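Here chain A shows up in two complexes: once beside chain B, once beside chain C.
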Partner chain A sequence: MSQFDAIVVGGGVNGLIAGTLLGRRGKNVCIIEKSDRFGGMASYSVDGGPTLAHSLYNLSPRALGDIGIGIQHPVLSSKPVSTVSLSEDGRHIVFKNDGVYWSDGTKHRESDAWSDLTRQLITYGDLLRQLAEAPPPGGQKAILSRGALNEFLRLAKLGIDLKKLGKSEMRRFLQVVLSNVHDIILDDLSEGPVAGMLAADAIWGTATGPRSPGTVFNLIYRLGHGGTITQPAGGMCALTDLMVEAAQKAGCLLMPDTEVSRILLDNDAVSGVETTDGRTIAAPNVLSSLAPKLTSRMTGPSAFDIETMRRVRNIRARGTTAKVNLRLKDSSALPSLSDELAHERLIYAPSVEYVEAAFNPAKYGQMSKAPVIEAFKMQTADGASWLSTIVQYAPSDLEGGWTETAKEQLAEIAVETLSRALPGLGDQIAGKQVITPDKIESATGAPGGHWHHAEMSLDQLLTLRPTNGMSRYSMGPKGLFQCGAATHPGGDVMGLAGRNAALAALEALP
Partner chain B sequence: MSIFTDPKLGLIPGPFHKKLEEQNRAQNWYDWAGYAGPGVLDSVEFEYFALRNQASLFDISPMHKYRLTGPDTTAMLNRLVTRDVRKISVGRVGYAVWCDEEGMIIDDGTLFHLGDNDWRLCCQEQMLTWLLDAAWGFDVSVVDETHSVAGLSLQGPTSYAVLEAAGLDVSKLKPFDLAQIEHSLMISRTGFTGDLGYELWCDWDKAEALWDRIWKGGTHQGLRAIGYEAVNLARIEAGFLTAGVDFQPVHATERLHRGQTPFELGLGRLVDFNKGHFNGRRELLSKRENPRSLLLRFDVEGFKPSEGSLIYNRRKKEVGHITSGIWSPTAKRSIALAHVRMPDAGRSSGLKAEIYTLQEGKWRTRMARLTPVTKAFFAPPRARATPPART
Partner chain C sequence: MTVDNRYDVIVAGAGHNGLTAAAYLARAGMRVLVVEKNDWIGGAAVSRSLHEGWTYSNCSYVCSLLRREIARDLELPKYGLQVIPYEGGASFTRDGDYFAYYSDHNALKREMARHSEKDADAYRRYSQAIMRQCRFIRPFLLRDAPDPASLHPRDFGELAYLVKKAHGLGSRELGETLKFWTMSIGDFLDEHFENDLIKAHLAGSGIIGTGLGVYSPGTAYVLLHHYMGDIDGGIGAWGFARGGMGAISNAIAASFKEHGGTIHTGSGVEKILSKDGRVEGVALEDGKVFYAPVVASNMDIKRTVLHHIDAAELPDDFTKAVRNFKIRGSSAKLNIALDRFPNFPAAPEHTSFLRGDLHVSQSLLELEKAYDDWKVGRWSEKPYIDMLIPSQIDPTMAPTGAHMMTVFVQYAPYDLEVDGVKSAENWDEKQRNAMAETVLDQMSVACPDIRERVVHMEVRSPLEIEREVGLTEGNIFQGELTFDQLFFNRPVPGWSQYNLPIKGLYLCGSSAHPGGGVMGAPGANAARAILRKETRHGRMKGYAA
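Take a look at the complex of A and B:
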């Protein structure tokens, strides 16, 4: 007799939500996490510095609701932040809910155009979310590959409330969703920081530039929950702690500091897992939040069909995002920014072309010399002040590898870039942390340290996510499921992948 | 077939080409995987009767041959093919099929267990990329030996005597045994004719010498070089399947649902569900009980070759077709392999083939009654005797 109905491998956001949901439906669940802290990429930090993920824009109320966390919870009730596009000339641009403003408070002339476009994308995002909240249709059977495009169109039509959208809007949606964000943005906006902001929001965490096909999809995906950006009160760890609490309340056994080395099989069905310290834990179901390649390696390629393994090993996951955390000497204001703006979301993306140019070196294994940056000024639990920055592009396959020198160079580039708009920033810095994709990979297992565990490109989305034939969360032997960011709908601190996987597993559970 | 031949290159000579050319009075060459293979050297009748009554030599070098070695070879092969290769001991040869993830046959072939973790796979279709895919994650090396190992098939009742006369002792070889007889000569007691016979494997550059040696050994045994047409008659009598004829290798099909499961081809005995996972297993578990059609053997009324004929049931509904159909000179009747759709394949009585005949410019059709046969049409005991008779 197994002690558990299900074991969840990996206690990131998706693993926690998957396990908790099963626990709340009366299943005996154990969640195994290799690190000493749960939360995965969302809560990973070095020496108490800022976490990898530092803001919420896609957290799913539905996933939270399914594990008993109300969206009104104090941790989630902090005020939405605006986005500030930093400018060299000090005339920063502020993107608010109701429009675009100069930092002196006057309205930007592209405010209406930006608002209209954003609103439209949010409508589309709403539709996409409906698809995201349901496992893609198609049943367990492998769908014969007929190209990502057709598949996508079929699905898009299927999930969409036509009446709500109207015919011409629908047509436009299907047109734009497959195209590149460069063209779509510059149809409505002139080249410059307003357009640059949308271009940047289309490429975080991906190995694409604004001119790459499918980037409109990424932007819509990001706006799938309305586009509001918040930071959890108490930091990202406060949110993951909340999830841990929910898991415990649901009766899940949490096993930190435990690394799964093998997924065990008996007669083509899961029988449990083995840990690196030699323990065997039995259960007829395993939900793995690790990417398919790792999951299949832990199970052994013999357990899967040859075609499955071919697809799995060809999943593209090239991480392009690094964290550069700048410890500030004190909490004093940032140069050239009012104190009010300093606590908003800061980005450096002066134009669409700038974002595209930042991507170019990454194609050839180089880091951007002029990167796209997102920064939050924040305080960690110990009271230290930080500028937590996401630096794009820092490819996982950097030529020559991520040596100390390379990391130092990346940090310098990040400071230099920000200093163009925040002159004198360098003098306020007391220390730097550089967390490159290779480090993210070794810490969390995500292939290439990829934000979404697998590239969010049209050939790896919806029924094709993570690969053709695997979109229903099950994989190979009976009782084996995937529940991480590599599955539909994808990553971000969102939780829908984990939730959907748990629901799929429940269907199969006796 | 799926092999692309460069028209500028034309057909290329195989390792025995010079020898075959000397004897190819009919000048009838066909394209076998890009090589020039003899369809007929002289006349089909002579060649066929040499095969059944004396001994015959047929060049099988164009077969695709892959060498698989390394510590995980057994595990890798067991995930590839549907049968349990652990039951094929060293020194044995096993017939096997392998399927895609849908349980549809990719190809069939023979597995030669040459030594510990040392195997050779021989098959009709090009398989290198598939084998490399199959080997991913396993400690196995896959080497394409197609163009470095030559093969010669010596078949017929006097084949043992021919080898003896050539100074090669294979008296201990039982059917499906193999042995490294000399430094660069491996002999297996295998073949595609259902008769007593051997297959000889050597390095490409040793091929001509081997031919000469066997040829000399055959001087008093009626040995004859033969072409594919004679072999084809023999293999149909033996009930063996040809890829692309009696089944569609699924990787070579372009239309949907043209593949077939082992169960549909009557090869269910080659599927071992208890050995652990193998490619297509999960699909085959559910497809086992629901074949869409069955490959059947029939005696065909009359004596006209029935290949390509459509099959009708009692209600005159078309329910299948004949894939291979010949007048069997040995069984002395018209025989056929056929695909018949369910449920008629389950009943398989009252079926008729619509045979078209052409006589001096006049087409006729004839409805020929089909009588199901379960065994091979021809399976002489001499094929199994060890040591074999010298005849």
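Take a look at the complex of A and C:
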């Protein structure tokens, strides 16, 4: 007799949500995490520095609600931040809810065009969220079953909502959704930092440039929950702590510092897991929040047919994003920025072409010499002041590997790039942390250090996510599910993948 | 107003699609006039003698996509069209080797195994996948694209046909199809093959004519767009039209004239006349005016709408959508008269593969880099070239012993960057020659003596293609083949069924579904739309109906 109904392998955001949801529905669940801290990329940090993920923009209220966390929780109710597109001439551009402003408070002439485009994309995001909040359409079901009926109703609702957009909006949606951001942005806005900021928001974490078809989808995805950006009170760890608490409340057994070495199979059905320290934990169901490739390694390839293994091998996940944390000498304001702006989200992406040019070297295994950067000024628990930056592009397969020299070079590039808009920044820096994709991979298991475990390209979305024939969360042997970012709808600190997977598992659970 | 200047239909532009539409309409008993700005017909499917004794196919250069339904309906063989399939092709390496592509399956497998045993095994799965996709897409080429926002029974019917076809694939195959359509040719090849040269050879068709790189999503579809044709039922086979590509246009024109059609060359359309939202005819550059209740434009959508129609006659959002239509010049062309056959040191003697398409790209990354050059407004330092010597098969193209060579060059931007300024005006003779030198350098990888062989060379930048043929930016497809501009999005959402916001005005060129290539499908589809909407018993007869 198994002690557990289900084991969740990997305690990242999706793993925690999947486990908690099952726990709240009366299942006996254990969540196993190899590191000493839960939360995966959301809470991973080096020596108490800023965490890998440093802001929230896509967290699903629905996923949170399902694990009993209200969206009004104090940790989540901090004030939304604005975005500042940094400019070399010191005339920065501030994106607020109601429009675009110069840093001196005057309205930018492209404010309305930006607002219109953003509003339109948010509308599309609303539509697509319906798809994100359920398993993707398709799959084999008896035509008259409840599942099939539900799916039909969901699709019908989507169809009606699409129609409700009106003829011309619906047509535009069908055109835009598969397009590239370079064209969509420059159709309505002139080249420059306003356009650059939008282009940057379409490519974070992906191995694509603004000219790549499909990037509009990425931008819509990012705006899928309204596009508001916040930082949880107390940092990202406060959020993951909250999730851990919810898991415990739901009766889940949390096992940190435990690494699963094998998923045990008995007669083509899951029977439990074996840990690296030799323990066996029995359960008829396993939900793995790891990427499919790692999961299949744990079961062994014989659990899958040859076609499936080929598809799993071909899932593309090439991380292109590095984290560079700059420790500041004191907590004084950043050069050339007012105190108020210094606490907003800072972006360095002066134009769409700049973003595209930054992408070029990444294709050939080189880091950008002029990267796109997102930065947040923040304080860590120990009171130290940091500039937490995301540097795009720094490919996981860097030519020559991520040696100490290469890392040092990346940090210098980041500082140099930011200094162009924030002159004198270099003098304020007391220390640097460089977290490259290979490090992200070894720390969190994400293949290639990719944010989403699998590239968010059109051929790896919806029914094709993570790959054809695997989109319904179950995978191979009976009782094996995947619940990580590689599954529909994808990563970010969103939680829907874990939630959907848990619901799919519940359907199959006795 | 005399009887002579009144017609049932006027087709603006004598490209192969315009002629195809005209020929179908003439066969249906309408009085049709085709007007053409050049002194010759054919648009981009043209043969021209620019150096005495040599005939150049100086725009499009090979034939495969021409729908056989159209060839049969218009009886093109009867009017002189002969298409001769060519065998294989090759990619040459910088160190004196080559990868040959044979049409014979066993020979190809042996050749692949010479480069990689694994790839030889993978080829079968690869070609199966491609064939499946070709078979899936072909029925849609001669049908209208449905408007998903419309509740019209016809749209609904077409949509239902699509759903039925897609459902018929089964869920596994449907998944593979969706994946194929949305992925890049680079990723698709990486999934199958390991050898750089083989991948580079196969990738070429995925980028020809587009402003995309081999790793841009959607290029797998572009590859398909080049593969879905056939010659004598051999899917994906390519051939030469005897007498050059102009033979195709000439055969269609002959078929058209035999059924009472008139062609007026030497003066282009100045203005498409309309009144109260209804088309009335065309005014030509030479001052002549012709009247007809129906006008079909073979020009691309941008040219048609932005240059030849009064903006006041059109809704603003439509004009805006047309202005945002992407039509990017990305290719150039060299047409070369050779004094004798160039020496290909790597190739064995008397091999058949030299009769096919020859390339020198070494890897997918080299192709991707070529794209990066184009993005900033320069021609590629190491361009993708597609060279063919049709005179080996077709003796009408060059004097005995001499040869004609056509070299397609990807990428060359329309707005060329010189000293920080991007403009098409920068394409002067100096720049053209500099580009030609780059291309000749690249060609020397395959045939080092190429420079000594040249008797005459025509260098065509996107600007020349635009000026002569009329294709905006010199884009060979009259508009990018990207998702946002295909099927019901082509040319612009809501106007995918050949008619335009002015009553009686139609689009019959490659800007319309299913897009570019010497295919004839937009022309035939437009003719069908015209017959259905403008005549009382308007059903088109024939295989393409």
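Observations on the model:
Everything that follows uses one rule, which is that the second predicted complex is superposed on the first by the 488 of 510 C-alpha atoms of A that agree within 3 Å, B and C clash if a C-alpha of one lies under 4 Å from a C-alpha of the other, contacts with A are read in each partner's own complex, and residues count from 1 in each chain.
Keep this in mind: contacts are C-beta pairs under 8 Å (C-beta built on N, C-alpha and C of every residue); 3 or more make two chains touch, one makes a residue touch a chain.
Since we're looking at a predicted model, the values are computed, not measured.
Within the superposed three-chain model, A:S457 lies in touch with chain C and out of touch with chain B [touch as defined at top].
Of the two partner chains placed around the shared chain by superposition, chain C is the only one that A:R211 touches, whereas chain B remains out of contact. Chain A is touched at more residues by one of its partners, and among chain B and chain C that partner is C. Within the superposed three-chain model, A:A303 lies in touch with chain B and out of touch with chain C [touch as defined at top].
Contacts of A:R316 after superposition: chain C is touched, whereas chain B is not reached.
Of the two partner chains placed by the overlay, only chain B lies in contact with A:P477; chain C stays clear of it. In the superposed model, A:K167 lies in contact with chain C only, and not with chain B. Once the two complexes are overlaid on the shared chain, A:D183 sits against chain C while remaining clear of chain B. Residues 469 of chain A contact both chain B in one complex and chain C in the other.
Interface residues of chain A, counted against chain C in their complex, comprise 138-140, 163, 167-168, 170-172, 174-176, 178-180, 183, 187, 208, 211-214, 314, 316, 353, 356-357, 360, 363-364, 457-459, 463-464, 468-469.
Residue ranges of chain B in contact with chain A, taken from their complex: 75, 78-80, 100-102, 130, 133-134, 136-138, 256, 276-277, 279-282.
Interface of chain A with chain B (complex): residues 142, 144, 268, 296-297, 300-310, 313, 469, 476-477. Listed in rising order, the residues of chain C touching chain A in the complex are 147-150, 171-172, 174-176, 178-180, 182-183, 187, 191, 212, 215-218, 317, 324, 326, 365, 368-369, 372, 375-376, 482-484, 488-489, 493-494.
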